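Please find the structures below.
In what follows, chain A forms one complex with chain B and a second complex with chain C.
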Partner chain A sequence: MFIKLLKFDIKNGIIKRLWIFGLAFLLFILADVILYFQRLNIGIEHPELLEQNITLGDLLLYTVGGSKKFVMEDNASFIFPVLWAFVILVIAFAVLRYPTDELCGFGRHVLILSGNRKAWWISKCCWLFLSVGAYYYIMLISAIVFGCLTGATFNLNISEFLLQVMQFDLSALAQPPWNLWEPLLLHVWVVYTLCLMQMLLSLYLRPLISFFCTSAVLVFSVLFSSPVLIGNYAIPLRTENIITDNPMRIGLGFVVCTVLCAIMLVLGLFKINRMDILTKEE
Partner chain B sequence: MVKTEIKNALNGKGFKLALIIGIVITVAGAFSAISSELYRTEMLEKYYINPDGTMNSNPQIAVSTLYRSWIGGNFSDRFTMIFYYLLPLLAALPFSWSLASEIKSGYRKQSIVRCGRLNYYFAKYIAAFVSGALVIAIPIMINYVLVACFVPARMPDPGYSIWYAINMTSFCSRWFYTIPFVYDILILLIDIIFAGIWASFCLSLGFFIKNKASVIILPYILLFLHQFLCSLISAYRFYVELSPFNFLKGFSTSNEISGWVILFGSLTLFLSSSLITYIKGKRDNVY
Partner chain C sequence: MKIELNHVTKTISRRLVIDDISLTLEGGKIWGIKGINGSGKTMLMRVISGLIKPDSGSVIIDGKVLWKDISFPESIGILIEAPAFLDGLTGLQNLQTLASIKNKISDDQIKQAILDVGLNPNLSKKYKAYSLGMKQRLGIAAALMEKPEIILLDEPTNALDVDGVELIKKLTRRERDRGALVVVSCHDEAIITELSDEIIYLSEGKVVKTMDRSEDDEKTVV
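Entry: the complex of A and B
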């Protein structure tokens, strides 16, 4: 039964909504193009930076890098990482409606006929994992396509010029090379955890409120650099691979997110088993 | 009809929830500002005042003022950013979903048959505006009053403009340095009017988007894309703030705030939402 439900979710929740991933591809390409031109702009003043080849890591970090920690200074304003927030909010919105819409429509009949509510919830968790994975896979593909067109170096190391674009003091960073591999995996895992939290909250509250919670977690995480706010682990520029001043521990991030995922999986099973699906309305 | 819709909007769970969230954020912002001002006063007494009561160096006393400590003027506080980044969601949460919801449920047909098309849509538009404006106005005013209870309203000194993030060329800077209370009222009015217009704009999207969550979330997400693209344009060409997340605050961020941009942005949203509501509402055939 689980396999059948999962196949159904993949068909209706991913394949029939491929246009979302198409839009995401265009969005990521746009971000890459902007970074390319920013690099050329900086190269006018600092030609030596153009000697460094742009890497795949640069293209990805520009899109999902986030920002430095918020430091309360009386005479300096903080630049909010809007592109980072936008990229996460897009996937959070893309996966927001499908489970609740399905539960209010066809899924209700599936649940009644199958009599297996646990399989429905686990199938939704797997569908969510595949959707988030596909989204970031599209990001990787767009970076590779753009990298091929512009002659980028195919590794996940980060160049100095990008950290300058992001206004980092190079002397305060970890020893180079700065590798994006682990922070990027952690970013994807955190986004999955956030989307799972959103899906679980949609069962208890309304989808709109659960999306509000996701947005609030992201905004609070940007401004409060605390290991308790999981959004911080989704900011590669705050991880130990890049900064040395109180960085976010990547290992801890994986542990926290995995524990949260397990708790939410159990809470979801608990809720779906006791939910009155016949009175559930959108 | 307008009265009924406003009553519905203000008695709904969405309004209460958004109001509570807004108040929690602004009260936290007030406590944060008050504690940092109290710390500044403590430092002043400890290090700047000699035993005989004279000052040993410039304490920059004009920096500690209500006009840079309330949530709309405190550029170094976290809660200011949190509030302004959640403002469009908070404004739309109370009532902007109602048109999409009633179109889908069919309740709209019942109302239009009883009170007429234009009355129905006008009432919806006004109710969304009022609920969106109130849900932002009340938390900001609570913050202002709370901060005013502890931080003195000293006249801002143009010599310390860097501490207020309001330069001589900033939006209405003359008012800030001469009649700061009026300046704060102006910022409050801009925030309230923008929040109301934003709520009405989201409401009017209900004609095109059938899902009630999407009418609020989609424009909010697009605001982030708008800010990202505008920051690039501003950074290299105009040096003017084009994003509502930033131009609603009472201080300049990386770019200068322009009154024309605020006016143009608000008018565009107002005209597009009212035209959509009027045209679609007039042509609407509910039968």
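Entry: the complex of A and C
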């Protein structure tokens, strides 16, 4: 029964909503284009930086890199990572309504016919994982497409020029090469954890309120560099692969998120097993 | 098929919507539920279908306790509130999607269920373009197509014309005659009186009266 529910969710929650992924593709390409022109601008003052090819890692880091730590000091420059937050909030919003809308409408028939509330929740967790995975897969595809068009180098190492764009002091960074592979995987895992938290909250609160909770976690994570705020693990620029000053430990990030996912999976099962299924208005 | 409700109580948003209801419903009969808006008709159907959990009391379906032994009745067709289907699919595609979950019935049987409610199974029109009456008919087809043992129809005659109402009467009787337990709620007194074998009167979440129409035996619940 679980497989049937999952197939249903893949068909209705992903395949029939492919336009969302189409928009995501355009968003990622746009980010790549902006980076490309920023690089050309920097190249006017520092032509030596243009000698080095842009890498796939640069394109991805520019989109999901986030920002360096926020330090509350006079004259300290800090730019809120709008693109990073936007990229996460797009997928968080895209997956916001499907489970609860489905539960109030057609999905109610599906749930009753399946006869299994637990299978419904587990199927939704899997659907969410596939949705988040597909979103970041699209990001990778768009970077590869853009990379092919601009002659990028196909590795996940990060170039020096990009860290300059991100306003980093190069002397305070970890030893190069700065590789994005692990921080990127952690970023995806954190986003899944946040979306799972949002889906769980949607069983208790209105979906829009749970979306605001996700947004709040992101904003606080940007402002306070603490391992307790899991949004920090979704900021590759704060991980040990890039910086040396109190970095976010990637291993710890995976452990924290995995534990949180397990807790939310169980809480969701607990809730769905006792939950009244009413209409949206109720 | 037998449904037993034992002292079922439910409060939603601090409002008592089901107040200590005890009932025994048996298969092979049409059970009509009568009551004004807000009397608890829909909530009672939701309790039986497993959509809402009673705060106290139990619902036993053929010896299996709902919320304990089973999450939902094992063989049930429901139409509660407005029918809800996928807008981008045709009526047939919607029912095929639902039927694929249990894989119990063939395409021909699905088409027959659509024909039974007076719709054309080969209609290429998407569900979103259906009229209210067509949506209602499709909702009834969905509830009946797998020939379930329990059928819950909440206001099945909504948005239907005179012919549609007659069709619903015919279908519910057909289902009753094959042994199904049919529960129908309707605000139209004439329809429910004509259709039901037994009538349950609800008021403020309580059963105030039951009536066996075959014997015209009226019982007032104190």
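Observations
FYI, the second predicted complex is superposed on the first by the 276 of 282 C-alpha atoms of A that agree within 3 Å, B and C clash if a C-alpha of one lies under 4 Å from a C-alpha of the other, contacts with A are read in each partner's own complex, and residues count from 1 in each chain.
Here is the rule we use: a residue touches a chain if its C-beta (ideal position, glycine included) is under 8 Å from a C-beta of that chain, and two chains touch if they have at least 3 such contacts.
On a predicted model such as this, the values are computed, not experimentally measured, just so you know.
The superposed arrangement places chain B and chain C next to each other on chain A without a clash.
Using the contact criterion defined above for the overlaid structures, shared-chain residue A:274 touches chain C, although it does not reach chain B. Touch criterion not met for A:252: it reaches neither chain B nor chain C. Between the Cα centres of chain B and chain C, as seen from that of chain A, there is an angle of 90°, stated in steps of 10. Touch criterion met: A:104 reaches chain C, while chain B stays clear of it. Contact with chain C, but none with chain B, is seen for A:114 once the two complexes are overlaid on the shared chain. By the touch criterion defined above, A:215 lies against chain B but remains apart from chain C after alignment on the C-alpha atoms of chain A. In the overlay built on the shared chain, the residue A:85 is in contact with chain B alone; chain C does not reach it. Looking at the shared chain after the overlay, A:8 reaches chain C, while chain B stays out of its contact range. Shared-chain residue A:96: touches chain B; no touch with chain C.
Shared-chain residue A:72: touches chain B; no touch with chain C.
For the three-chain overlay built from the shared chain A, the minimum Cα spacing from chain B to chain C equals 12 Å.
Overlaid on A, the two complexes show chain B and chain C touching the same residues of chain A, namely 282. By the touch criterion given at the top, residues 12-13, 46, 49-53, 70-72, 74, 76, 78, 81, 84-86, 88, 94, 97-98, 100-102, 142 of chain C touch chain A in their complex. Every residue of chain B that touches chain A in the complex is listed here, in rising order: 17, 36, 63, 75-78, 81-82, 85-86, 89, 93, 97, 162-163, 165, 211-214, 216-218, 220-221, 224-225, 227-228, 231-232, 236, 245, 253-254. Looking at the complex, you find that chain A touches chain B at residues 27, 34, 38, 41, 70, 72-80, 82-83, 85-86, 89-90, 93, 96-97, 206-209, 211-212, 215-216, 219-220, 222-224, 282. Those residues of chain A whose C-beta lies close enough to touch chain C in the complex are 1, 4-5, 8, 12, 16, 104-106, 108-118, 273-279, 282.
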